[in-house]
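There are two complexes below, and they share subunit A, which is joined by subunit B in the first and by subunit C in the second.
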Partner chain A sequence: MRPPSYWPFVVPALVVVLAIIIFPWVFTIWMSLNEWKVGSPTTFVGFSNYLRLTSDPRFIEAIGHTLVYTVLSVVLPLVFGTFAAVVFHQKFAGRGFLRGIFIMPMMATPVAIALVWTMMFHPQLGVLNYLLSLVGIPAQLWVFHPATVIPSLVLVETWQWTPLVMLIVLGGLAAIPAEPYESAQIDGANLWQVFRFITLPLIMPFLFIAGMIRMIDAVKSFDIIFAITQGGPGSASETINIYLYSVAFTYYDLGYGSAIAVVFFLLIVLLAAVMLYARQRMVWTEIESGA
Partner chain B sequence: MTGKQIIGKISLWFAVLVIVSPAILFFLWMLSLSLKFEIDNAAYPPVFFPEHIAWKNYADVLASNRFLTYFINSLVVTGSATVLALVVGVPAGYGIARMAAHKSAIVILIARITPGLSYLIPLFLMFQWLGLLGTLVPQVIIHLVVTVPIVIWIMIGYFETTPMELEEAALIDGAGRWQVFRHVALPIAKPGIAVAFILAVIFSWNNFVFGIVLAGRETRTLPVAVYNMISFDQLSWGPLAAAALIVTLPVLLLTVFAQRQIVAGLTAGAVKGG
Partner chain C sequence: MADHKISRRTLLTGTAAAGALSLTGLPARAEVNWKKYAGTKLEVILAKGPRGDNLQKYVKEFTELTGIQVESEQIPEQQQRQKCVIELTSGRPSFDVVHVSYHVQKRQFEKAGWLADLTPYMKDPTLTAPDLVESDFSAAGLQYAKNDKGQMLSLPWSVDYFILYYNKELFQKKGVAVPKTLDEMVAAAEKLTDPKEGTFGFVGRGLRNANMTLWTNFFLNYGGEFLDAKGNILTDGPEAIAATKLYQTLLTKVAPPGVAGFNWMESMASFTQGRSAMWIDGVGWAPPLEDPAASRVVGKVGYTVVPAGPKGQYSATYGDGVGIAAASKNKEAAYLLCQWIVSKQQGARLLQAGGGVPFRNSILNDAEVQSGVKMPKEWLQSVIDSGKISKLGLPVVIPVAEFRDIVGAALTATLSGADPATELKKANDQYRPILERSEKA
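Let's turn to the complex of A and B:
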């Protein structure tokens, strides 16, 4: 009997994906090669939009902001998320319910969250400065000062996305067998030693996946930054994505915006490749040192 | 219980408290802001439990005509984008899983990596040429960018784990492939479809970036409407916080009641599109 063909199942989705994912990509690349502004005629200009990027100080500054924002927004959730996963891996009363509460920040509507954080960041009336005053720390300007705006936004991003890291690592912890822990207990290892030499190496693959997903999301972070600061004060928190929005939908310079979109995508792919490479190097060192 | 065990228990509960308090305190503070009159919201030191509760903040938000419009917009956009995604995405997940066409997942991966704004530039022009701006159609279509990859991704994973034996038996008995899909594969896949549905609804409901570009005055979804309140209404925190809570409440309730499905879906790798 000839096995049935499954193509008809896929065709409708294929049409949709072609229309809303593949076509926009091809069209974006084409637009990036044109001078394309809303309301004026378009002209083919080759790579000049890309050349313009190399000498655009706002774009170069935005790359810096994006990298700082991304590194912090990957590392902090990884650290806190791993700790949370180790705790949620224990058995305690109400664990399921508390886990539900714990993941609420990442499911809640980002704009709604951003709005409340904006109120909490308020220098005079905000609850954060009040909490700092309780422990004797002077009031901060949070998102209203160029030096503290990115760390403040990272605080929101970390609060929001630590649960995702926790869930992924928790999945990893569930897969670890009990034997290494039993022998460690016999050898009298303390909690930190158990974590450092047994748990951590075993959850490394999961931490890597979490880090990768976190990187992809942090680089493209938009809602929180846009709703709280719109890239300000000045351009102190303007990441590539926020700048892309201004170019495309404030100035309606669609050709140049498309060039930014293409370079932005390549940058994300490059960061992912670097992480993969680093991971591979690490695995090899582990194997060598283990041998 | 020995002394050591008691210390262990106490430190475990302390750790749990530390971990969940940022989320609990944040949402309690949100609730507190939304239930206070301006005089309490502008007080320093802050008032946590007001003497008079401002139910009126909620009444004001719910009573405004526009709120109902925006709520319906959100329902239409999220509802249509989710249903359409299930209609095309569930069979696609089935087909891809049965053909073992794993390379096709790369398209989903690209969709996952691409910033949402990149879709907006070309599609914005398309909608303009087609004269669709000013209706909800552009938003329904562009929300498919979020919902379709989520549904396909989750369904591939789900159909890969469902047993083939029943389907093979049905084929041998002379059933057509659509019959097999409809009467054998689909009923087994119900839990997977529930996961895909819940996540598609949440991420479409929460989406903001597509709306700020494509929505006009009459076609705003709730997140966009709330954002616009910030700029016009900077100083009255009570109604603002009430509006924010109303917008996100459906999602928070889903999170608590469908926690198992959400966790299953998110850890399957299908996190957040767009």
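Let's turn to the complex of A and C:
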């Protein structure tokens, strides 16, 4: 049979996909099956890199850190971003200007703001402890203590990415028709009820998109953590990504690093699948309850 | 025309070389033919910092002297190390001359055979000026530059000793004397700590990996050795435990809060703001401490050697050098550049600006060079004294980064109250297989 006539037009796309998506993946999987140290010969070792992962305490800890960091840096921006969107959706004087100010953190370079935050966190000289002292709260150790390092990093992440959630939710709010609000007003619903039973369900699809984007960004977050703590103190803020970087580019253990990358990828796929599944389920229940 | 202009400096370099030659009293030897490789183009990869600045600032003089064009690039240290390794592994590096960080890369570069052997060039009088001889480099420098076959694989460029910085004003206020031993240092730090005023006796690196460079000062002074004769790691023995206990005491009892996350930057910030009375770190920090725009302790800083421990007095030593990629096609021209980089004139400029300390004794001991040093005299004295008690600050193994990370994490853990002996034992158990794997490969 003759190949279909559109065939030649597919070739460029196929080549690009093969070269920049499929090939690196296959190659990463291949590297993960080898003992591959820069400067030494490589040997095929099968799944032993993966077996090593199961008994590597640093890797197991890193999974925990990644999950905590991700959950916090998805939930907090979603909550604050939604709140900010509801506020900025109202009409008031200077709204455009304030919105502009509010989205500024998002435009800054993460590494640059990370360095500024590092000095703001300094327990002796940082401005944060000074501000706390004004209201009588004792000095905190922020990123300089294992127990508070992840919440402090999430603070930076939240500060930077709340505006993104706000923008997405604002788009959602703009698309909501006015009628449901009018009928709610007639029925005497209070502000919270209006938000809970009208606004929230209607912006849910937008929140899911924002949540998904945040999740993918947070789970692979690197710049802020690396620039502020490099995974420290000790390894208290070492996420999978930071550990992966150390293994591959500081220890030059490419085989083991690739194994981490493969497992990390599976974890991201799993998280994304859970979110997609939750979204679909929710849409169904909505339709059912609506019917 | 520019071609015919002879600058004063070119003339001086030439006559200095010729003069030195005549002093040897030997029958006429061949002179260095600086112009032999004129027209060659060299690529240099540098770690960002005062050494790189010093090279780039004056490299035109080298081009005037030799006719060799030099393209150089400064990259932040961590990234520069990675880029070099990746390019050298590829077999076709984009650079001829490479800035090597000895304490991290020595073993790795030697084992992979990435650097050209400079020994034959050093013996060739048409390539090497008579004042550049092996014996002029300090012992630590030679230890770093030579492999176990005695080949020079690089030229030692700048050495980094760890010294004790102290705040004279705070010392005076509390009537404390400058400590001569580690025990005295703890006692002094206790007296100098005043949490109500927000001042502390001691500050230093607590952050994992970075903290190893501080800890080894204690380890060496408690008589520690990194490896036994068979190459096994020894950092869980009694010396290591004692050193860690001292480290734990200093960083938990008399150091500012949050020190477990401090690298040199946060430590320096605390010291320059007058919030910490003592700081042990590399000699290279004097310029920012004496810069009125960046420091509140200008003119109040004392400089001295690391206090003695019960088993001796050593200054943990690190350093960097310049080598030539084995794959380079312009090795002789590259060698001329390396030679110029570690030359007396360039070394003197580096020392005088406080940006580094040359490994060459003829530079360090030269009265004229010394008189041009812009940093306080005490600083220079601490450099010279440290040179006499210098000892390599990290084990010479391939997986240095893993060593620093793993043992460094154990040290950081002790700052939250973990037991030093248990943590060190755990770290060694974790590190030993990594070391064995890398040495076997």
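One rule holds in what follows: the second predicted complex is superposed on the first by the 258 of 291 C-alpha atoms of A that agree within 3 Å, B and C clash if a C-alpha of one lies under 4 Å from a C-alpha of the other, contacts with A are read in each partner's own complex, and residues count from 1 in each chain.
Convention: contacts are C-beta pairs under 8 Å (C-beta built on N, C-alpha and C of every residue); 3 or more make two chains touch, one makes a residue touch a chain.
Since this is a predicted model, take the numbers as computed values, not measurements.
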Q: Check the residue A:37 against both partner chains and state whether it touches subunit B (first), subunit C (second), both, or neither.
A: second
Q: Could you look at A:60 and tell me whether it touches subunit B, subunit C, both or neither (first, second, both, neither)?
A: neither
Q: Look at A:278 in the shared chain and tell me whether it touches subunit B only, subunit C only, both, or neither; answer first, second, both or neither.
A: neither
Q: Kindly classify A:100 by the partners it touches after superposition: subunit B alone (first), subunit C alone (second), both, or neither?
A: first
(Q) With both complexes superposed on chain A, which partner does A:233 reach: first (subunit B), second (subunit C), both or neither? (A) second
Q. Thinking of the overlay built on chain A, is A:22 touched by subunit B (first), by subunit C (second), by both, or by neither?
A. first
Q: Identify the partner contact of A:9: answer first if only subunit B is touched, second if only subunit C is, both if each is, neither if none is.
A: first
Q) What is the contact status of A:268 with respect to subunit B (first) and subunit C (second): first, second, both, or neither? A) first
Q. Who does A:124 touch here: subunit B (first), subunit C (second), both, or neither?
A. both
Q. More residues of subunit A are touched by which partner: subunit B or subunit C?
A. B
**Q.** Set intersection of subunit A contacts, subunit C complex versus subunit B complex
**A.** 118-119, 124-125, 249
**Q.** subunit C partner contacts - residues on subunit A that touch it in the complex
**A.** 35, 37-41, 57, 118-119, 122-125, 139, 141-146, 149, 229-235, 246, 249-252
Q) Touching subunit A in the complex: which residues of subunit B? A) 12-13, 15-16, 19-20, 22-24, 26-27, 29-30, 33, 41-46, 84, 87-89, 91-92, 94-96, 98-99, 101, 104, 107, 110-125, 141-142, 144-145, 148-149, 152, 171-172, 176-177, 180-181, 202, 205-206, 208-209, 212-213, 222-224, 226-227, 230, 237, 240-241, 244-245, 247-248, 251-252, 254-256, 259, 262-263, 266-267, 269, 271-272
Q.
Quick check: in the complex, which residue numbers of subunit A touch subunit B?
A. 1, 4-10, 12-17, 20-25, 27-28, 31, 83-84, 87-88, 90, 92, 96-105, 107-113, 115-116, 118-120, 124-125, 127, 130, 159, 164, 167-168, 171, 209, 213, 216-217, 220, 222-223, 226-227, 241, 244-245, 248-249, 254, 257-258, 261, 264-265, 268-269, 272
**Q.** subunit C to subunit A touching residues, read off their complex
**A.** 78, 82, 85-86, 89, 108, 111-112, 114, 198, 206-209, 256-262, 265-266, 269-270, 273, 275, 398-399, 401-402, 405, 409, 412-413, 415-416, 430, 438, 441
